[in-house]
């Protein structure tokens, strides 16, 4: 592996030292030398209420200092399996939703064109749409969507491109197959009684937190694997799927979410799924306490990186 | 319904906008037009140690901006079932326990006389006593008391009207039937070995957190419903019944409490009970982090509002 | 005076009690019964970097509980001079700069048409433009602009309507006479060398913090009064004009600003100026500590309310 | 000196170590072995609005770890001049103003009877009354009162013994000579126009912050010394006399107060005054940021300890 | 019992009052009058990344004000079973690991020589080594080690005495029998693949959080009791074994840990084990929120005090 | 200039975006292409009490996002005068003072050998010693030392290399000429009466904050320039020289320090001095509030960068 792509060595360099990149990975431009590109997307103009996830990528980079090298359960380092680097942030604009979405889409199309697998830190959940536009080129893919919210509204205050709508748009645009879309952990209060009608009518499988309490997590993992099947799929993990006691730093808090242990069990249960990319949106450090949410996001991003590294390596074989 | 009683429309008006009332309800004076009155009671002079719940109502109002309109599990909006409004705070005094208790009692007697169902945000737990004095007019009622503490001491430092004693007073005054009083989640360290003797001697059913861990929550819900039976009862949910990781903003923190998911399952299990009122005391934002506890309180207050709306509607039939 | 317009009585009702309005004033709709209308404008989409002043009005309302009734230096209460009320927030939209500016302008045009003097809490500094559009009807007025930043750029990232440009637009649109525009306390680092060229070329008087240190505040007060002369003018007081130690809760902090004592001396020096309105933008509680900035804003808003009440009363004579 | 009265040695024992007493002084019971007794008075039931100074003494003890041994300007250590110890907290009760005032008075009468000079950390400003009752035995004394508030109201909400009234009571009870009472730094907004009338009618000299800005601090020091003259007097320094940027941790914040440098110059100017005791009330850590206000209070308490040590030593000669 | 060893009476003295010692116990020097000595060890120079647990003992003392007198589950007070006091902090040095370890060892050897059972608050986990050196005199003992980390590395950055290595050293030095050493809750990411090899090779039983999720806590308690058997053992409870949502105030946070209810069930399951001492290291208030972690540590320290009191009393019989 | 050395363009790229380097400068290795190298030195093992400045460099990098491009008073950008880059952190070790000092010295010797001018962010004040060792090669230089503390003790707890001693060591080692060493703003309480004797005996000019209050800042600037004369000198600006209200995030807070406006006037007064390097130590974000201290440090670092750029450019002529 190119020496320019090695992580800073955590056994020699104190973790408080140097410029923060995602898990101490090298900070390099996009190139064909990479297998996995970690990007930030500091976009939050799709947020109707508590804005601020533009500061998410910087926070997660800083908090990822905590993560060491080897995943305890999986027993390997993704940096040993793949060439991984921090490619910086996708370009965005401070005032325009549409300009930003176009710039983000371009960034991920380049990633796709270089056959790189993307792992992304948001930014609000709107970003999943331009990411999917960038990386989905040959027909709809599957989607594992872990979230407190369904995000399948038609619009909020008339705006069709915001963090309450990305997966409706993605299905409408043929990027995601609603039959292979599973939503896990939904527990939002609703604007209107029919908020979830479109999703259900289109065959999206919505699993509420109540159902998880009743059926247990193992059954959910099983069902999820069978829904996405053995074909390519994307994973999006909204940080607000976790309980606010675990991850207070997010805009749309909904008390009553996952613990980290549950989430880790869920993600571990997805090892072997053909993941072609993943994102963690909605980390919003302004509402956080002491970087706690960023640290949880970094831990889960490391889990996802392991899943992506295995899947990427499997696709190369 | 009178247009003056409609909630601010969450689909048009951004939730960060305008003056904060409980869940964007109308702010109106008490009148016979109302079915359910939400009040604050900013009284905390009954607090021996960590005072500050006088700031609870303002905090919960502000944090209730988060709650949308429809309850996901129940599938309805309490605002569609009943005429609900925020009637402001019960009057209190800054320096006198007795004057304040009298003023609070008056406020709730007026509510009772108008046949309104009260939902109240505290204030320390002392407030349940004047509330019960105000609304109980024909013999003792049942009481579902969710709390880390039994609150059945005779006095603290010689003071008989404080947040360690309200339910002893309520039983002594014939407001509550001890045989229909169930305490759920008790886990306090004790001042003295005999702290719980009076409660047990009077037939109060005290369920410790340990017992809940052993028997499971479903059994507790079952038993609770059978204790209060199908007659009128009141529900008081001390925010410190929750774990401090979930609800740090309270005076008498006791590590080892409920998660929000458990609490919601418990409350959902009480649908159909003949609730004639409810309160959530002991939110104390000075000890909180980022409004987190107020937000949990607002979420649970919405659950209680749904239970009260169903019960109120059932009584009108 | 209509009893519905009286402040809550601070000598009887504890200040922690009841729903927060600006300085406990009545919360009423706009009507000809009013002399002075206090509004919030929770708009912050004009913010390129640290967004969040949408939460400013709610924060200042809450913190204005601190202010009692009588101004110590002036010796009167503005509530005794004028009919003052909190008219709530101007309508805004969560996703659109242009729609929001139009809605804000409408709100202030109504205020103007009712011959009411407006006092406004932001929101980011963009809001001064639609306020001026709403209230300036007969030729350009004077402007006292207290700020760390000149806010006379042509655009930021191509956006012409944002918080770096309102006073350039206001001059271009003929709302403000640049010869009667004085900027006090400027100390920003610049994007480019020519950032201030337009302002200087148009005859705007820009007084840097350095100049204030050298000449003393008294000379500045004198000069300000002579610039705006005895004709109508508006006052806008960006909270970031204060030092971040005093007012940390704002987006574009610039260390090295005013103390509160200096600011109060400056405002007291403006008694008698023919002020037709005033605003305090850029309070951003997400960056604040314990509501401190909101409290300072409430204190200064009270000072401005006194100035406006005197000016309004003088115009009625 | 008795070895049991030595401070912990700051050159050997790390300052983060061991149980916190005021400036590492010995923790001993009251006895005739002492010259100066530092007490806490954790009483705050006299607070109408933002309660919480009951936690002041613990906070100042903890923060006094910062203070080393020798005062830089004075050039000596008060521990070398006098036998100084931390005698713990005066007894108080959680629910009763009157019981607490009686207990506090007893504590300070014992101190007086042992001919000890008291230095006290509050608690709210009510405590100055029982302290004065305890230590004034032969006719009224002088009083240097540094504060944002005059604290000479007759009552608040009908309560005559609270933190808005102690100095009116002290004058009425013949404890303080109003002609030798000077109030420095007053800047409060008023409940009513006549709030200050009683003070002025009784010959109390009230110096507003505005006047200080105009006349300069040196003139104020001069005048203060001439008012209290060379006879015994007491000093009370309300922490809210400082600007909230310096000391945010207090209940009744009033933007526009002293800097620490001004306060230190003022206190240094009082060297040689015949001080028979001093207190610092109104430190309220719940409203503080990182212990900052406690640290400022500890610094000023050290200044006062130096003044008291000199005065005590002078009286022994 | 000597009156000088009684706790401050929580039924008379408000808990916010007086100087903070562990659970209001007497603060006395080490002497043969004691059965159990609670010490702080404010040492954190063994911390590679997020230093600061030097402030742990002061924080836990302050937060232990919350704990009342009687343990609800056990039904007794340890202060009724044993003579318990706070003996202050073990001496440490600010700059030297080796000097500090020697001083700590001396402190605990004195405790052992007086036949006192020690309960200790850290400081970082390095402190368990000098504690064990001080109290283990006749061959290796058993060890119950509850932690997110195994702490059995050989060195970090070449330093053999730090918080990643104490139990490797303790086994090598013959202080602990690796066959009677059980590690509960391990879930760290690893520096290197072989981080746990030494522990496993030496027969240490390492129970990961994953295994606990699968087998349930009861099985773990059972196995733990059988590993340490009925012979003397020590218990060390790293506060980072708890989930960061419960105990954020620690250096090496690892999302996905114990809840307090699980930890209490685990500790209650150890009643009757022959514990000869216990410690709670790694409380680091600089990373905490509102003293929350210190409060949990105080709660668990009370649980441990009950276990130690029973064991100590049993050994006296 | 090499394109690889350009700052990120603040007019196009939102300031919240991308990886944080000092003022958006390029992150490159040390090379002869540079004129000015900005380094972090995350070393804090020289701290006796409140450790944590190891996190200073990361904090200042993050907060330097605020600074735009052009200095308002100086009217130029240092990036237009010199080739400036962020060269990352000097290597340090987590456990060893001596190893770290050697590594830091090496880093700065390389800088010196490449004829680069260093600007450094600490780390505790110990770091000035190895920096001076690295860059002073031909006899003692002058030193402008702005600080609350003299830092000229012989040792603390026996340690000669810590943050209380660097300038004594630097004079003893012939790196700094005590006759050209001026200390500005000293106001510490002292461990012992003789703490300042060595400094005074060696001809160091120590200017207390009291003296500054009496003589005014202009006289101090004048005297400083005449002390260091027109020969090479270094500037070290301890962040604790500022008042804690301005810069709370530091270990050894001393209430009563500089305002930012005073500090900026002081630094502006030093334009033209032959500065060969500068550092800002003691930023300690663990004690900070919302990044405020880091932001002030970034602002002052920008001032220093301007001074260094002018001086460097002057030396090239």
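Chains here go by letter, A, B, C, D, E and F, matching the order in which they are written, and residues are numbered from 1 within each.
In this text, a residue touches a chain if its C-beta (ideal position, glycine included) is under 8 Å from a C-beta of that chain, and two chains touch if they have at least 3 such contacts.
Since the structure is predicted, the reported quantities are computational estimates derived from the model, not experimental observations.
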Taking C-D as the reference interface, identify its repeat among B-C, D-F or A-C, namely the pair sharing over half of the contact pairs by residue number. D-F
Counting shared numbers against all numbers at the contact of chain B and chain E, is it over half, same, or under half, different? different
Between chain E and chain D, distance of the C-alpha-averaged centres to the nearest whole Å: 41
What is the distance, in whole Å, between the centres of chain A and chain D, each centre taken as the mean of its C-alpha atoms? 56
For chain E, write out the residues touching at least two other chains, lowest number first. 14, 16, 48-49, 54, 93-94, 156-157, 243, 245, 287, 289
Interchain pairs in contact, sorted by label: A-B, A-C, A-E, A-F, B-C, B-D, B-E, C-D, C-F, D-E, D-F, E-F
So, in the complex, the side of chain D touching chain F is made of residues 10-12, 14-16, 65-73, 75-76, 243, 245-246, 259-261, 264-265, 289-290, 292, 295-296, 299, 302
Chain F - residues contacting chain D, complex: 48-50, 156-157, 186-193, 195, 208-210, 213, 243-245, 248, 252-257, 287-289
Could you please specify the touching residues of chain E with respect to chain D in the complex? 13-14, 16-21, 27, 40, 42, 54-55, 58, 61-62, 86, 88-89, 91-94
Touch list for chain A against partner chain C, complex: 44-49, 51-52, 54, 93-97, 156-159, 162, 286-287
